[in-house]
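Reading through the structure tokens given below for one structure.
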Amino acid sequence: MARIGVFTCWCGENIARNVDVEKVAEAIGKLPHVRCSVAYKYMCSDPGQAIMREKIVSEGLTGVVVASCSPHMHLKTFRKAAESEGLNPYVVEMANIREHCSWVHHNKEDATRKAIDLVRMSVAKVLRNHALDPIRVPVTKRALVIGGGVAGIQAALDIADAGHEVVLVERDPSIGGKMAGLSETFPTLDCSQCILTPRMVDVGQHPNIKLHTYSEVEAVDGYLGNFKVTIRKKARYVDMDKCTGCGICWNACPSKKNLSEFDFGMGTRKAIYVPFPQAVPARPVIDANACIKLTKDKCGLCEKKCPAGAINFDDQDELITEEIGAVVVATGYKLYDIGKEQQNDKLAGYGEYGYGKYKDVIDSLQFERIVSASGPTVGEIQRPSDGKEPKSVVFISCVGSRDNAKGVSYCSKICCMYNAKHTMLYKHKVHDGQAHVFYMDIRAGGKNYDEFVRRAIEQDGAQYHRGRVSKITEENGKLIVRGVDTLAGVPVTVEADLVVLAAAMRPADGVEQLAQKLNVGYDEFGFLSESHPKLRPIETNAAGVFVCGACQGPKDIPESVAQASAAAGKVMMMFSRKELTREPEVACVNEQNCAACFACARACPFNAIEQAEIRDRNGNLVKRTARVNPGLCMGCGTCVAICPSKSVDLEGFTEQQIYAQVESLV
Amino acid sequence: MSDNNEFEPKIIAYVCNWCTYLGADLAGTNRLEYPTNVRIIRLPCTGRIDFNLIVKAFEMGADTVLVSGCHPGDCHYTSGNYHARRRWMLFRGLLDTMGIDMERIHFTWISAAEGAKFQKVITEITEKTKQLGPYEAYRKVCKVS
Amino acid sequence: MDIGYYPGCALHGSSNDYEMSVRACLEVLGVQLREVDDWICCGATAAHSLNQKLAVALPARNLALAECQGMQDLLAPCPMCSMELIKANQAISADAKLKKEMAEIVELKVEGKVSVLNLIQIFQQVGLDRIKELAVKSLDEFKPACYYGCLLTRPPEALQFDDCEQPSSMETLLEGLGAAPIDWNYKTECCGAGMTMSNEDTVLDLSHKILTNAADHGANCLVVACPMCHVNLDMKQADIDRRYNVQHDMVVYYLSDLVGFALGLDEQRLGVNRHFVAKH
Amino acid sequence: MLNQLHETCRKLLEDGTVQVVIGYGQSSPDTPAYPIFVTRPEDVQQLVWNNQCFGNLTTYLTRKEVRAMGKPAIVVKGCDEKTLVVLEKESQIDRSQIVVIGMACSAVGNPPLAKCQACEVHMPRFADATIGQVENPASETDGRYADLEAFLQKTPADRMAYWMNELDRCVKCYACRQVCPLCYCETCIVDKNRPQRIDTSPTLKGNYAWHITRAFHLAARCVGCDECTRACPAGIDLRLLNLSVAKAAETDFGFRAGMDPEVEPVVGSYSEQDKEGFIR
């Protein structure tokens, strides 16, 4: 026999002003099953909760309705209170007579009538509530980090240092990501590799980190705490165990003219190569498209020369699976490819800057390699066309950024800073050179950032023009950069030897496909969606999957690192528990009734419904049925609406509860 | 209002928990007044809102039914509202053939930030329903013959 | 093919050589031009810099006339005219209120349905293949610098023709007819346009740069599709030479002139003999 | 044609490819054929084929008792075959475990049924064996929705009145459900009473709720075999309801149930581009 207690709140004047609270309490008190119906000034206050707790005990209540504010406000509060008296929290419901009634209706009589309806609905519902226990899911205390850039490295190290195993997957032959290719970093101008490579070595040597380079995530199954991840290890043609990284092979390799990915095409590499000297792992990989043996079945020098016999031309892609508890996505960014036609033609443009047409128009990452001591020019600033030292260099901001016409609408955030950095690095190497910057606005928010830009302008004499560049043309060996200075209000023409385009930052290729495998949302640009922009910036809507670094939005190094540590923190939080608990308000299938049409499985936004088989103890198939994985279900109820026979129902919002509410409205 | 015996429509609103319900909360927080006729039933997502519920609402004597959730792209569950939208498209075809008065079923997207829109929608459909009068046709259907 | 034709002031005045050439080669291509009866000025720069409503109303009347004279396509060889007409077209079809207002002002029903085309688009409609069929000689002696100026492609959101920064439609056409268009830098720079009245120095300066760059890149002639550009680059060339003490000798053709040559038309027929800088 | 049918079935039964043949039997000429289940080769003579073979036999494939009979061969018309496509999509049948015998069919009934008027699958498309040739089919593939469109000419009020009058006759015998090959739920929603979503008494209220539910549960699934209408003892034209949902599916999503095995079912999938003019 149900015994319901109803507690109506005055909320001071907030409710009582427009709703006759006592009248509500009295009317509700007359309803069947309602054991007690009291009103009090502030139900959420300690004395208020005390009243409720007292009644739960004295009346032996089996269900509670609190008629006060929005459940988004206090449902948790009251459920806790009930729990403290041993009542299952899920038999507590609320009626929203404040936001939905007293605050929006001024006619007291009508408002009171409505309030009574609202409470009656909640009583009708709570009569069909039943005790629910939080869902417990075991955790595999092993993290997968996707992407071995600075963010991925940081996350991996933090988690590993906390004593948990980490599987780090990197698409390229070496970890290090974009940062490994940078020259110096703003705002301190300390050498990028000097600060990063030690961390890379740490990763390589960490007992808790299992490193898969030249590998990609193929498939992800399972759910929070219990993922099964399939990883494709691409054929490397070099036996990692035998190889000592001595370098004889790449010195021997005759195929020289291959553009180096690490140098962003500014330099060349052999067909068998380590992307850069400090690579981790310091083991070479063979570029199958460049290798003479693999393409023409000639040469094979490396194999002959290799003292360890590590070369294996028959190497194949290998698929391995890893058991994982949590995933950190740190796939980073790429640059908007300038001038090129793209599938989404909104992102095509800036052909007028002559990138790809004029050798000496390059992008910022290419410039990083040119100024980098480890670069193809060993830090000598030489322009690509003729190796001359450029005496005048123009840096152009926002190439593709903040441009709804032919680029992306957002600000790429880091360009203002690295432009300033580039002008300085340039000036420090070419003392008689002149750097020009065309910019829309200077966005230098951050510790010591604006000071840094001022230094570029005031000490290193970079010429800043506030305005856009309309066109770049080549006339007798000079690049003619025509733009405007909107502050001076005059058109500006600069004769440059080298032009550097700060192209917009875009998510790395293939991130959408990865997101789909992980059930993580992404925006129109392909940046992964955090589950709340303010309060859950690391979490995603896929439980147990976290994001950090530029794959979530444009970021600089310190931000990426901070977010990476945050993600690591979230993972450790998960791993700190024996098992995880989740809200029990999820869908469940009545397997007796399920006709196994699997419409629900098709519709489920979280792939939380699987096709299961019921077998008798001799293993004969009795029937097939849909089955909800409570570890994955987020409780949207789409399956319930779509199931013709209503063989699936949603706890907390069961058919019985909802129909009871409607039917209470006679 | 109810003193004079003007017709007071009965409006049942099925709303999603994350957008429209919060929109209604916001209307409250901003003290945006609207008629008292609507009764909100909170569901997690428009994806959960089944057509049987709409029929049931009419059976319970609703003069107008409102179904409202998150704008496309805003769904808390990423795609519940898209699934709902599809079902409604097909369902409307059927109701139309059945001769159900389409002016008595409203579908809206109201976000958690659109308290004002919630007020506007409720006020407007209440006014509209007052003009249309009680849904006699369906009440006739429902009285036991 | 039978299309509407809006000459605009220029083609009936200073630039009737342009009209001759357009009419001549369209005739050979079997395109009948029906001139809009009772057309008025498109408003040009003056209108839209002074009075927005007028800037719509003037072209609106011409559009209304074209509509009620049953024209679907309307050729406006002058880029300024076509731009003004297209902008009005879009404004009217997008805004019912404005449409009504305009109908009242011009005292004619106007829908904004006519599609306004520039000369290049007409050639594209006829089709390069068709033109090739009718061509009697190759243009291989010509190394033209195709000059688009400002208005042929701009404002892009309104015109939606070619790539406003890197147009190539003239090159495609002329290449097809045997010419060897050169790649150069001043395709879309301004020639000074109307400034030619108020501020000649600017015009001379800008046009000088254009002529120079064309020559530097090995052009033996310039091709334009705009009467204003032609005035500045051809008629003013002597002044430019004088002012900068150079000898440009850069023949400036209308696009239709070269197409005309390919079709076997002579200089008289095309009005080329009326140009100031002569080929020699 | 009949012999060919008998031979095919005899072989299938003899060599044990199947244990049962689901086909048509007939007591006397020109009376509606009924389903028979032939398990012995010598009985195949009982199988008939003529324009009285109305039934959509696929409805028996999902029945427990029929499943118990072993691997079936089934006789289908082009229209019935569409059901197999849907059933397979909804993983109710394993096509590889069924032998489908497709019968060429110009039309059933005399005069031909409405569905035959607009039939475009006189020849089964995916059958394991197809028997016969279509002679002069009553083929006129458009006007699939003609009857519905005619009905929609009525005002909503009149439509309501029509259904109140029609559904008043419904006695809730559920013949429409029993005969429907796509009503295969273990327990039908109408038989579930916690909560009681649909009033089970044959009142107008309950009948409305039931027929809305029945029709909508067939949304983008119903292949239009019209068996429900044929089976209805009260002679209610349920076809109109099925058509209205089918029409919505076709106009809004270009989807037709049972036609293309490749396409994703409409319900349970979505597109961000779905139109939503009706949503505010």
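Letters A, B, C and D mark the chains as written, and numbering starts fresh at 1 in each.
Keep in mind that, in the parts below, a contact is a pair of C-beta atoms (placed from the backbone, for glycine too) under 8 Å apart; a residue touches a chain by one contact, two chains touch by 3 or more.
If you're wondering where the values come from, they're calculated on a predicted model, not measured in any experiment.
Here A is the chain whose Cα centre lies closest to the centre of all protein Cα atoms.
Note on interfaces A-D and A-C: more C-beta pairs are in contact across A-D.
Chain geometry summary: the mean Cα position of subunit A and that of subunit D are 48 Å apart. Here the CA centre of subunit A is 52 Å from the CA centre of subunit C. Mean C-alpha position of subunit C lies 65 Å from that of subunit D.
Subunit B and subunit C have Cα centroids lying 58 Å from one another. Of all residues in subunit A, those that touch two or more other chains are 603, 642, 659, 663. Across the assembly, subunit C contributes no residue in contact with two or more other chains. Touching two or more other chains at once are residues 56, 79, 83, 87 of subunit B. Residue ranges of subunit D in contact with subunit A, taken from their complex: 90-92, 184-189, 192, 194-197, 217, 264-265, 267-269.
Against subunit D, in their complex, subunit A makes its touches with residues 592-600, 602-603, 611, 624, 642, 644-647, 655-656, 659-660, 663.
Of all residues in subunit B, only 51-52, 55-56, 59, 72-73, 79, 82-83, 85-102, 106-109, 121, 137, 140-145 touch subunit D in the complex they form.
Subunit A contributes residues 349, 351-352, 405, 471, 473-476, 480 to its touches with subunit C in the complex. Every residue of subunit B that touches subunit A in the complex is listed here, in rising order: 1-2, 10, 12, 21-22, 24-29, 31-34, 36, 39-45, 47-50, 53, 56-57, 60-62, 75-80, 83-84, 87, 119.
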